[in-house]
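Inspection log for the structure reproduced underneath, given as structure tokens.
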Amino acid sequence: MTPLAIEWIWPDTPLAILITLVVAIAGRWLLLRAVKRGTDLAVDRANQRRTDQGQDDAALYAARHSARAATMGSLLRSVINAAVAVLAVLTVMAILNIPLTPILASAGVGGVALGFGAQSLVRDYLSGIFMIVEDQYGVGDLVDLGEASGTIEDVGLRVTRLRDAGGQVWYIRNGEIVRVGNKSQGWSTATIDIPVDSSENSTRVIEVLTGICAEVYADPEWSQVLLEQPTVAGVQSVEAGRMTIRITARTAPNQHWRVQRAILDRELQALKDAGIKGPRMLPTPPPAQ
Amino acid sequence: MTPLAIEWIWPDTPLAILITLVVAIAGRWLLLRAVKRGTDLAVDRANQRRTDQGQDDAALYAARHSARAATMGSLLRSVINAAVAVLAVLTVMAILNIPLTPILASAGVGGVALGFGAQSLVRDYLSGIFMIVEDQYGVGDLVDLGEASGTIEDVGLRVTRLRDAGGQVWYIRNGEIVRVGNKSQGWSTATIDIPVDSSENSTRVIEVLTGICAEVYADPEWSQVLLEQPTVAGVQSVEAGRMTIRITARTAPNQHWRVQRAILDRELQALKDAGIKGPRMLPTPPPAQ
Amino acid sequence: MTPLAIEWIWPDTPLAILITLVVAIAGRWLLLRAVKRGTDLAVDRANQRRTDQGQDDAALYAARHSARAATMGSLLRSVINAAVAVLAVLTVMAILNIPLTPILASAGVGGVALGFGAQSLVRDYLSGIFMIVEDQYGVGDLVDLGEASGTIEDVGLRVTRLRDAGGQVWYIRNGEIVRVGNKSQGWSTATIDIPVDSSENSTRVIEVLTGICAEVYADPEWSQVLLEQPTVAGVQSVEAGRMTIRITARTAPNQHWRVQRAILDRELQALKDAGIKGPRMLPTPPPAQ
Amino acid sequence: MTPLAIEWIWPDTPLAILITLVVAIAGRWLLLRAVKRGTDLAVDRANQRRTDQGQDDAALYAARHSARAATMGSLLRSVINAAVAVLAVLTVMAILNIPLTPILASAGVGGVALGFGAQSLVRDYLSGIFMIVEDQYGVGDLVDLGEASGTIEDVGLRVTRLRDAGGQVWYIRNGEIVRVGNKSQGWSTATIDIPVDSSENSTRVIEVLTGICAEVYADPEWSQVLLEQPTVAGVQSVEAGRMTIRITARTAPNQHWRVQRAILDRELQALKDAGIKGPRMLPTPPPAQ
Amino acid sequence: MTPLAIEWIWPDTPLAILITLVVAIAGRWLLLRAVKRGTDLAVDRANQRRTDQGQDDAALYAARHSARAATMGSLLRSVINAAVAVLAVLTVMAILNIPLTPILASAGVGGVALGFGAQSLVRDYLSGIFMIVEDQYGVGDLVDLGEASGTIEDVGLRVTRLRDAGGQVWYIRNGEIVRVGNKSQGWSTATIDIPVDSSENSTRVIEVLTGICAEVYADPEWSQVLLEQPTVAGVQSVEAGRMTIRITARTAPNQHWRVQRAILDRELQALKDAGIKGPRMLPTPPPAQ
Amino acid sequence: MTPLAIEWIWPDTPLAILITLVVAIAGRWLLLRAVKRGTDLAVDRANQRRTDQGQDDAALYAARHSARAATMGSLLRSVINAAVAVLAVLTVMAILNIPLTPILASAGVGGVALGFGAQSLVRDYLSGIFMIVEDQYGVGDLVDLGEASGTIEDVGLRVTRLRDAGGQVWYIRNGEIVRVGNKSQGWSTATIDIPVDSSENSTRVIEVLTGICAEVYADPEWSQVLLEQPTVAGVQSVEAGRMTIRITARTAPNQHWRVQRAILDRELQALKDAGIKGPRMLPTPPPAQ
Amino acid sequence: MTPLAIEWIWPDTPLAILITLVVAIAGRWLLLRAVKRGTDLAVDRANQRRTDQGQDDAALYAARHSARAATMGSLLRSVINAAVAVLAVLTVMAILNIPLTPILASAGVGGVALGFGAQSLVRDYLSGIFMIVEDQYGVGDLVDLGEASGTIEDVGLRVTRLRDAGGQVWYIRNGEIVRVGNKSQGWSTATIDIPVDSSENSTRVIEVLTGICAEVYADPEWSQVLLEQPTVAGVQSVEAGRMTIRITARTAPNQHWRVQRAILDRELQALKDAGIKGPRMLPTPPPAQ
């Protein structure tokens, strides 16, 4: 270490300080701009994708967009401001020859000691930033986040809040979400398994079922949520005393439960009316969900 | 290393020490203020959210707020005081040219060696700080923390204490809580599955069930905990000898168990009175919980 | 590296050594005092909590308190003494200009190499320290530590020793304990599921059961362990041929097994006497535990 | 540290700066070219493989190729530009003798602290880059990624987006994908298990089944999706009252579900016509999927 | 780096070397003594505990003690000798001004690279040292180590060797043992579940069972292994057609299997003789183990 | 840092550069040769092993050998070239006194930050290199890699590609493969469980079964794939109404499925012909696979 | 950094180089000898243990010993040679004042970056070395390594190769083996569960069974593999309609399967002859394995 003395060499020292400050301000401006441009670009791409999928609920997505921008902006501005300020102060101290070793060494030790414990915190924030930029889900979407499923109530940088079907509120750390299943984009599929006696003629059963499918699709109550006429896929499996016929239908998002119940009810009535026997007494697993 | 000598260069050395102390005191003041402001902001946002959800039990949340503020304050003040003091002492020693290498190197080795083992400790505290600031749950809430479910008795920075339905007290490290399910915010859903013989007419069964639902909702005993009239969702599944009809009801938080038992009892009585046969003898899984 | 020579500059070198020793002794005294004060504070808070819960078995907790203080004190004193001694020796060597690089570098390499393997050891000790300070459990408590359940025999800094119901002694590393379930604080809940034939009138069954509940609560043998009269919760589930009625009772800690067996026996006798049929022949799962 | 002074030694300093800039520009050019060449090579190998497998849908793969190249190019160019710029600026600052210690030390501390949390982010990107270069799947492929299965909608550098059979959209981080199962390359296998009474003669049953297999393969509707005539593998298992015969068929990719249903239906009809009894009443597991 | 020259400054260099060697020898002696004292202390505490539990098989534990001391001593002496030797050689080289940078840097790189891979090795040894010092188990004990259960054949510093009931020899790395269940300390519990017809009178059945319990306890063959008279706990569960009565007995360590079989056999004979019907035909789970 | 100046001291500087370049070229040559020799040695050992196992399909393994050598060579040459070039350039820069601190520090920070995320990448490559050198499997082998089972289509340095029985193509990262099960080396075992009525005489049943085993082994169709005559192992288990006899046979690799079906079919016919009753009606688990 | 110049100070520089080389050669010799001595010692201890267990197949273990020594020797010699050579070259370069910073820094960055990915590789080798030295298993032993069970075909430093009962060859990385179960040392235990009707007299059944046990033990065919007469343990469990009696027998290693089948067959014949009824029709779990 050099002999301790606050050296003040005119005009080098003030000049170096000046350069440092100018670089700091310019660097901060450039960083903020780069972040803003990157975020805008990613958000635009996400919006473009939504539009491509024919989801043109423009007002909804505009509101979400500005909310996302606000969430992102405040965090990144804080981080950049703090980093630039710390660096500028430390550099000026170095120019003035004040010993930095204790500060830097302590920061190093503390950084390592904290780094291990804080890694899940950092991961939570990084995951949150990317999920918000990529617009994987928004408030009101019905999602499956692995830890819990339900309707999104809040999309934060560290935690996501959702409410499940039972009314329970879930706080999930973003870094724990390894995959997101969004049920509110596009369509859902209803699957109905109809059990009949294995001695019935499969061709005739399929005819009856297909008739009801057409009837349901013609019903104005259901034609709104059905994106296409339900299809009888055919004989799914045969067991002693039971044959299972599968029907599938593409519905509006999250309407498949209602559709499944309605079609199941109608088909069973129709089979009874047509005199087709139900399965002999053996338990059946519940329909595929 | 420079020749060892405690150099005392007038007036540079005392001046440097003075500057160091001033910076330390100012830095400590700024840090404490930044932490306080950040915490207040986060707490205000959490309170705002509660108010938005129509939970305006102001006195309860004011009490919780001050408890949280006290818990947070003591920890952060201790940490900041210790950090600033250590840095100031080390810097003054560096200015006086006392060799710091042994201290810093030992701290480095110790920091790394401890850092690995202490990471879960740091994670516990960081998780605790964020959960308290975000107000994910408070004393008295019924929560599901993954490791255990029950009523919160104490929200600490390192561990959360709760008591489950069986009376057992659980101490859970905050860092082990990857998701929080809070059952005391908003509402709960009761789900009742009614089994009847598969030969019964589903329309008629649903009529009977719907009548009882209206009756229950009109009953003053239940109308308080029922947020809306129970709904008969329709035929949930059909098996050999058994048809299951599902009823759902939105209730006050954590009242769904009582409601499920009451509705199940009444509906079964009503079906018996209406002469509708129960399922033929096959075991049924318990109602969805 | 400077030319090697043990430099002895009068009076700087002895002065620096003196300052170092004074600082070391003062630092050690301060650290010991801070640790003692912190531990006392935490222990006081834990005791206060116990008192708040109405657990005023003062003698028992005083004994536990002093045992905990002794366990903690010996470890922390050893660690602080060793750390201060090592630092003082190294600093004096640095002042005497003896080369420290080999020692520090070796310590660094060894520290990293050991740090990875020793992290679970450090975690065990840190967990032990906090569990002792927070008084999560003491000798004689019945606990569930995840790896094993039983009665605590010894609370150590690295391992906890307990004995399970089968007589097996378990040694559990404190760092592996992610949550502690303490069954010896407050109360336990007994849950009894009574199966009857599904054709029985539920109202009548509940009347009979409630009568016996009152009888049991009046019985002096059971009124000591029952904290309140057992409650008939209502119809828990209905299946083909079987209806299940649930009874719950709050008991003294860990008395619920005895209570469950006694109430089950009495209720079944009472139902037989009242002529209420048991379930038709279908297996029932064992009562909730 | 040397006495602080911005030293400007003519002509060494400008010369050094000049050399630095030239090296930076040359290095950037070389890196970009190396990356491009490496990527092209890997992509060519992947295309070659596709061609070797007889998948000569040239237009489709050309479109995919350019999409992949665009995705890769933008990221790598950004990374290389940023890295070269930072290095050049820092080197010039070092040549001008501006103190770099604070910047480098802060970057080191920050790098370590972030490194722990960001490792899953880096892993996601690295996985994405390799999966794109190796062309493991493309938009429209039906894949099993472990976390979810469905049709690929977007192949990103950090996340892959796919839509499952139920209409749910899945966002999966590339680093979480440990193995990829691509169902759209080559062929699929249909497996049909035919249950008959265990007292039937297996040779005769196999004769009947083989006849229908030939019939199906001759049917123009199915001969397109069947890559070869379905094979009767023989008696798969025998249980009390039931013998199972297995049929396998190689089909066009993802057509095996349709083929299974059709063959199952026809074979059962043929067995009924041939008077071969079905299994006595025992539940059968569903056919292998 | 200073100009290279092996500097030999009389008398400083030999003096420094002399001091180094004296310190090394003294340090080694102190470390060996500290380790020995610490180990002795821990072992004494473990022995004290055994004595407190009334396990006064002094000869057995003395033999174990010396075996443990030998195992520990050889390892720790080797480690301390190697560490002190390396440090002394390096310090002398530094005093002689031979460049240490390559050695230390290589050791650093190698230490980090090895450290990651060797961490489980270090963990195995550390776990072994602590388990031996704490005397968690010894040769001949019947233990449950998670990975395998059986009789200990060898307690090593890295691996423990045991033989299970089937004769298989297991080598288990000490670091993989998160909890130890030692079945050879104190006592075991036998649990016998007696099934009878659910129509039997529970009071009478319990009387019969209690009679046999007293009889068994009076039998000299069993009174040696029974630490107390077996207890009839009461009605454990009731199902359609079956009532289960539980009997528990505290036995000498690992004698509970024999006791369970003997009591089960006698109780069933007694129930037959008393004309109490067994359960109607429903499968029962095997007795609790 | 020394005063900045590109020092050019004749003739030391050019001499040092020359030495550096010579060492670089020599080092590269030595490394390449060492790698080549090591790889050849390992491959030779693997080939030797194959030959020892009597797998002398020389042409096949020669082709595999050259493919493996090509895969390995290109990677290792690239890595060694890049490493030597970087080191040479940096050393020349150091000789010319250009400041390296920024480059090295940035590389350090980047290396750590990337190292965490890239560790699975490095692991994949290292695993791939070793699996190729050890020749654990080759194109065309039927393997079980844990994540998926099937026929190897490509053995890469980072991923292995295989196709399962259902036609699905799997890409598996080499680092995720913890154990390899190769089914194409040596032989397979067929296991057939024959169920008969528990009242049958086991000796007679075994006689009948053994006769058919001899018959099958004499059949030219099967004698090619059977490496020895199938063995009747004896009574495997006895249950109420059913006795199971096990037959085992050693077959050519992956021919055991065909053999199992054929033997099962023949044995059942023979038992019917011999008038031995099948099991009474109870489900049987499928034969061991 | 000092002014660059290859300094050649006579006679210091050649002297330092000479000392370096002498130390390198001596160090290498000492290391090789220490490793050899340590390995021999460990191997001797393992052999001693085998002898103590009465496994005196001296020729077999001598062959294994030399194979192990060869495997270990080649690896350790290579590692020590490489390490000593690198250190010597670097030290000589340092003495000649050639700048080492680039090489060391690059090695550091590379070491860290590789260290993360290579840790499983290092772990594999370390585990292999210890397992070989401790002689946990050898070629021909029947072992359970967790990932797979079978007969060892090759014990390598990185992978172990074994072949399972089905003929499949398994390559298992040594570091993934957390516990080794060796079935070829000492003895195995056969366990046979005999089901009889629950109304049978247990004393009489046990008499019959014991008679057959004595008969089997007297049979010369079985007395070779039976290490002691099979023991009838007593009534293992009682269920509705079935009582299970357990027989255990200690056999030569891996002969217990054959013994179990033989005893089961004979006992069932004897029970039939004695007129003891089998269990009423309820499925039984397979015998304990």
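Each chain carries a letter (A, B, C, D, E, F and G) given by its place in the written order, and its residues are counted from 1.
Heads up, the rule we're going with is that contacts are C-beta pairs under 8 Å (C-beta built on N, C-alpha and C of every residue); 3 or more make two chains touch, one makes a residue touch a chain.
What you see is a predicted model; the values in this text were computed from it and never measured.
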Subunit E and subunit G: spacing of chain centres that average the CA atoms, whole Å: 21
Inter-centroid spacing, subunit D versus subunit C (mean Cα positions, whole Å): 47
Where subunit F touches two or more other chains, by residue: 1-2, 108, 112, 114-116, 118-121, 280, 282-283
Arrangement of touching chains [line / ring / star / complete / other]: ring
Going round from subunit E, first to subunit G: chain order: E, G, F, D, A, B, C
Touching residues on subunit G, where the partner in the complex is subunit F: 1-6, 98-99, 101-103, 105-106, 108-110, 112-121, 147-148, 154, 158-159, 163-173, 176, 195, 242, 258, 261-262, 264-265, 268-269, 278-284, 286-287
Subunit A to subunit D touching residues, read off their complex: 1-2, 7, 9, 12-13, 15-16, 19-20, 49, 83, 86-87, 90-91, 93-95, 97, 100, 104, 107-108, 111-112, 114-116, 118-123, 125-127, 130, 134, 136, 144, 175, 178-183, 185-189, 198, 202, 233-241, 250, 253, 256, 280, 282-283
